[in-house]
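When the chains are written out, they are named A, B, C and D in that same order, and each has its own residue count from 1.
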Amino acid sequence: MMSQQELLEFFNETRAKSERICSFLETEDYVVQPIVDISPPKWHLGHTTWFFEEFVLKDHQENYRLFDKNSAYVFNSYYESVGDKVVRTNRGNLSRPTVAWVYDYRTYVTKAMDKVLKEEELSEKLLGIIEIGCHHEKQHQELLLTDIKYILGNNPLFPEYNDQFRENPIQDFKREWINIAEGVYEFGHKSDDFCYDNELGKHKRYLNEYQISNKLVTNREYIEFMEAGGYEDVLLWHAEGWDWINENKIKSPSYWHNINGSWNQYTLNGLEELVPDAPLSHISYYEAFAYAQWKGMRLPTEFEWEAAQNYFKWGSRWEWTESAYSPYPGFKTAEGALGEYNGKFMVNQKVLRGGSVATSRNHTRPTYRNFFHPNLRWQFTGLRLAK
Amino acid sequence: MMSQQELLEFFNETRAKSERICSFLETEDYVVQPIVDISPPKWHLGHTTWFFEEFVLKDHQENYRLFDKNSAYVFNSYYESVGDKVVRTNRGNLSRPTVAWVYDYRTYVTKAMDKVLKEEELSEKLLGIIEIGCHHEKQHQELLLTDIKYILGNNPLFPEYNDQFRENPIQDFKREWINIAEGVYEFGHKSDDFCYDNELGKHKRYLNEYQISNKLVTNREYIEFMEAGGYEDVLLWHAEGWDWINENKIKSPSYWHNINGSWNQYTLNGLEELVPDAPLSHISYYEAFAYAQWKGMRLPTEFEWEAAQNYFKWGSRWEWTESAYSPYPGFKTAEGALGEYNGKFMVNQKVLRGGSVATSRNHTRPTYRNFFHPNLRWQFTGLRLAK
Amino acid sequence: MMSQQELLEFFNETRAKSERICSFLETEDYVVQPIVDISPPKWHLGHTTWFFEEFVLKDHQENYRLFDKNSAYVFNSYYESVGDKVVRTNRGNLSRPTVAWVYDYRTYVTKAMDKVLKEEELSEKLLGIIEIGCHHEKQHQELLLTDIKYILGNNPLFPEYNDQFRENPIQDFKREWINIAEGVYEFGHKSDDFCYDNELGKHKRYLNEYQISNKLVTNREYIEFMEAGGYEDVLLWHAEGWDWINENKIKSPSYWHNINGSWNQYTLNGLEELVPDAPLSHISYYEAFAYAQWKGMRLPTEFEWEAAQNYFKWGSRWEWTESAYSPYPGFKTAEGALGEYNGKFMVNQKVLRGGSVATSRNHTRPTYRNFFHPNLRWQFTGLRLAK
Amino acid sequence: MMSQQELLEFFNETRAKSERICSFLETEDYVVQPIVDISPPKWHLGHTTWFFEEFVLKDHQENYRLFDKNSAYVFNSYYESVGDKVVRTNRGNLSRPTVAWVYDYRTYVTKAMDKVLKEEELSEKLLGIIEIGCHHEKQHQELLLTDIKYILGNNPLFPEYNDQFRENPIQDFKREWINIAEGVYEFGHKSDDFCYDNELGKHKRYLNEYQISNKLVTNREYIEFMEAGGYEDVLLWHAEGWDWINENKIKSPSYWHNINGSWNQYTLNGLEELVPDAPLSHISYYEAFAYAQWKGMRLPTEFEWEAAQNYFKWGSRWEWTESAYSPYPGFKTAEGALGEYNGKFMVNQKVLRGGSVATSRNHTRPTYRNFFHPNLRWQFTGLRLAK
């Protein structure tokens, strides 16, 4: 558990980071929402601010004056139990409040929070909520980057975000298979540090012997699958995956463009030649599964991943696992609105483990459970084989 | 036909007007597209500019250098025969090019056109195309106003556009019925002034005797219909109209909000109390028809409207007529891309006559044929009874 | 106006005809509804029976005992004002009541009607309703044939309906252009015989001089259009027609199958080689319009058709006209449920004139106004050129 | 493993049973497909026959003459690798082949199979395929019953299937909580008897201590949940479940009808008063989950169910578990078309354990893994609480 002083620094660092991420944008980039899964950057900036106002300042602070009584309505997201909200698909239709307004809102709330953290002695419960709020904002920092990539990368002009962001770290080591022995292993968050409710509940599971690769699958390897007709062989696919690639005419990972016979990839630096040895990115679970089928192997479960993660490098791609997102033994949702945080998504989603080049520093850990629907590709998703 | 000098003035006045309309917007307002029928303001500004670049400067001007070779792609609209275009539903997903870029584009093209009009002696054909381009831009000026109203009026914060725009002129005179005698009348554009291809073809039609009101139906009168259960009486509606009001849960004109039992209307000045004696606005053809049924009357045809229009005031609302949008005898589409202008919409639409508070000055005339699908309500549409 | 005795014969002949049409079906054929526009044959048989029970026997006959109190619910169609009904899209989901039940229902109602017509002296009003009921059933006889064609013709086994039905009468005469002089003509139903409300209102219209073909467009001529790339040339199509052919991947008339390079047509006799000189059939208005554009001609209006119809043969194809379906001057809907008959469809539809090989004998006439949405093709629809 | 003689009897008994199930139907009932999840009974009868023709007779029998070369096309289901098939949503649009044809087809194939099983000595592989074919048909027997229930139960006339079928066995014993100790347990199919590929792979798992109810949740208990506002309390639901109940206006289990304030249930005997002490049926996973949340408990995992199943009675309802449908360690898909059997559905579905009143005798077992999407309710699904 962080001290109040540590939390103050963590809070201010987190708030500044979100704004740094957006500092490369034009005003127009803050507004649009090309598909329902992504949100306009100004919404992320406002929503993370609303969290502190709604769950900290408004409730726990006497005489706190809301920046604007309509903000809650516009920036509430999925907390169904906290009043009305703008329908998710509608976020990109709202030109107001403006970006300038959102920055004023951020400043107002950041200052109010800073004052509270500096001048008052806060209860453990309140400190806990603030810490959640910071981690919540860090999650949105990753979404900011992936949503910005979607907004710019699906624009026919392919504008660059900036020229610094490095998406494609090379894995300059040989493929090896790590062998894990059969037996009972322990899972779940163990330390006192922060974690989400879905990681709690230290518990045992039995694993059969397995091997897991020390390397992520690369672009070069995936091109072999494509050239071998992977997208045309129905026997490699889940029934729903097969329907999905056909309905959406999917023939390659997201952001890949074949220009005059050679593969290019839109990155946050703009459109570039594909780097063959970079880890594959922006694939769906369906594609990860089909690739593994084609290799005669499989994806690890989230527990196989966790039990082995000490023996390989991870963190450049969110790694699809075979595990469906389910509650751990003894999982309890928190009371009230914050209880909506994780549990209500525990159906029809797959767990991803690791973290990605877009994940905020100190945000991920070996027990972190990310989750997405099996068809989603706008995150930096990749795959590691097991057998 | 305008002289080249007159056209130069007309052109510059038109270009300036579009920008004046947008001068009240925030940058964010230029970007969004809440429904497919409306377009982002920056798209209107770019598209009307693209028209002059595509159909005048590029083809007729030697050595003309495109402002940007991608602009055509982004700002083409429906000219299917002029290359690729951004899918209409996608316009609101594009944050780039930016608003600043669009203004630079406008300036570049306006200056190039101004130079051409000042320094060269242009052919009649080219002058004709430029005149069409100006009228085309005037049409988009009306769309700018109605699209801006939609963007702001469907924002939960109901922001004001400006405090000058007058939507609701009172008709301070008594209702009277103008009687028109049976006989053969002549229709279609008669003078040498500009008109669209769909107005051409002066021709005769036979009209039966009829009466037409000198006054538009007012909000007060429409409330009577609502209070009498008009929206619940299936026998007043077309089958498709009945399905439409039920699927969309429509119980009142667009932009009406019942707040604590009294009717308010979003106008370009913001949310205001409904003015009972103002002409009804923002209704669909289905609603206009149902109202007329309820009164035991009917809508005029576009020819009944035209034959009588000298005897009443018009111009504050586009008036739904009973006429489907069809070609006049001898209608010919122009050659090439400009031929796509009007004819290809001549199915499933209803003619509206008159003009509205949003129509640009000098843009409408007694023979002007506007047309929309029967369910559309974002224009300033109203109704005049006949019997 | 028919005498009661004539009506009795007309009624019994009509009832028998519907059953003769269905005598070639298997029980299973009576049940299915492949698309919303068509209805299961057993529904047609039941619905036309329900009409007589609902509008004649139940209201006008004391002590009449309903065959089954649930029948009204199942066989009501669009009379919104006469209580609940099964949603149209649901008709093909109902296995009960069975076909045998429907025939029992028919017999029961036919006998009751026969008795009433033989034994009682009926009012003019009631005789009028019964006559409408017979014409209503004749309309459904045509729908029975076209719906059966759809059901069997969209079955991958292409079963034959029977081997007698002749769809493709050859027009063995030369193409000529009939010239009609400019002037005022009279339109609308003139005699005392039966007609629908939409034909009433004898009135004058002014026609410009025009030419109309004495021959329908043939399959051979349409193939020329197809081979000249008609389906690929955007400039020939309405915007909505272009979207429609592309979304539905339409490249030929309905029921055409290209097998090993030559055209076959599903007819009620089964799959057969296309007859080049037969009149084109099963096309949408969009296709009719595009063909006419390609020829540099146009479709006649319904009034041009009516003014010229004495000079050419018609009756094998419903002929698309350029006219939208609108009320005639002075059109009044009937009181009550029967008032729903025609008027409520007067939007977004095109008028077809003539009649087809599937039209019941004595059912059509020169003033008859059929109407369909512009994309529908399951009727025997064709086209005649005008210029 | 069955002997060839045992298999012959098993085969003939299975074939006869399918026909006995359908013996209560009218011809019309065999044809319809009200929603995509269910299939017309004649399709089930044909498809289970096609299986034997395609995978046994055609391949393994020299000189076998297909009953009809088009049957494969019509009755193939999801075996994407075995040629064309009728789109699933289209099954209810096919009136042909007729029901009589399907029975002839069945007789032809049953006789041919009977002859083969009697007269030839078959390989183990072929015997294995035939055994799968019988179990496949038994699965379709359950679907026949549930699809028939859907077809009749969604007909506004609520016809009875027969008066013998017992849906609602009372659990006349007290609720008790069975305690299972923490530790390693073994799972998966153990004997030599038939099982599906998804049960194979005997393996160990670690379970934490838990309690599981000896009784299924009853209608009476579920009504308490409904009356306590369970369907209105967002905090009890998964986000997708909440959207699903709201979009589909779901307020009670499927087949429940509130008539004049008291609950009725459509059963295969027709519409009847709800039996309060019968086990709850026809609920989705979402509803099962929400009920458990409301009780402060949870659903068991499929492993908790399997480890405890010896201590309680099961078999009247398919019991939703918390487990997503995933491959067991070492799961391998079979080679070729039969490999499509189970693995390709292992995403986005939940495992159900047990069996139901509609399950064919000898078809289920303690390791049997049924699976459905979380929103489906047309099976006899229920729930058992764990904690």
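As a working rule, a residue touches a chain if its C-beta (ideal position, glycine included) is under 8 Å from a C-beta of that chain, and two chains touch if they have at least 3 such contacts.
Owing to the predicted nature of the structure, the values given are computational and were not obtained by experimental measurement.
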Shared touching chains for chain A and chain D?
none
What is the distance in Å between the mean C-alpha positions of chain B and chain D?
57
Separation of the C-alpha centres, chain C versus chain D, in whole Å, is 45
Within chain D, the set of residues that touch 2 or more other chains is none
Could you please write down every pair of chains that are in touch?
A-B, A-D, B-C, C-D
Contacts from chain B onto chain A in the complex sit at residues 26-34, 42, 70, 73-74, 86, 90, 92-99, 151-152, 154-157, 159
Quick check: in the complex, which residue numbers of chain A touch chain D?
78, 80-81, 184, 203-206, 208, 210, 234-235, 237-242, 285-286, 289, 298, 322-324, 326-327, 329-330, 333, 339-340, 344-348, 350, 374
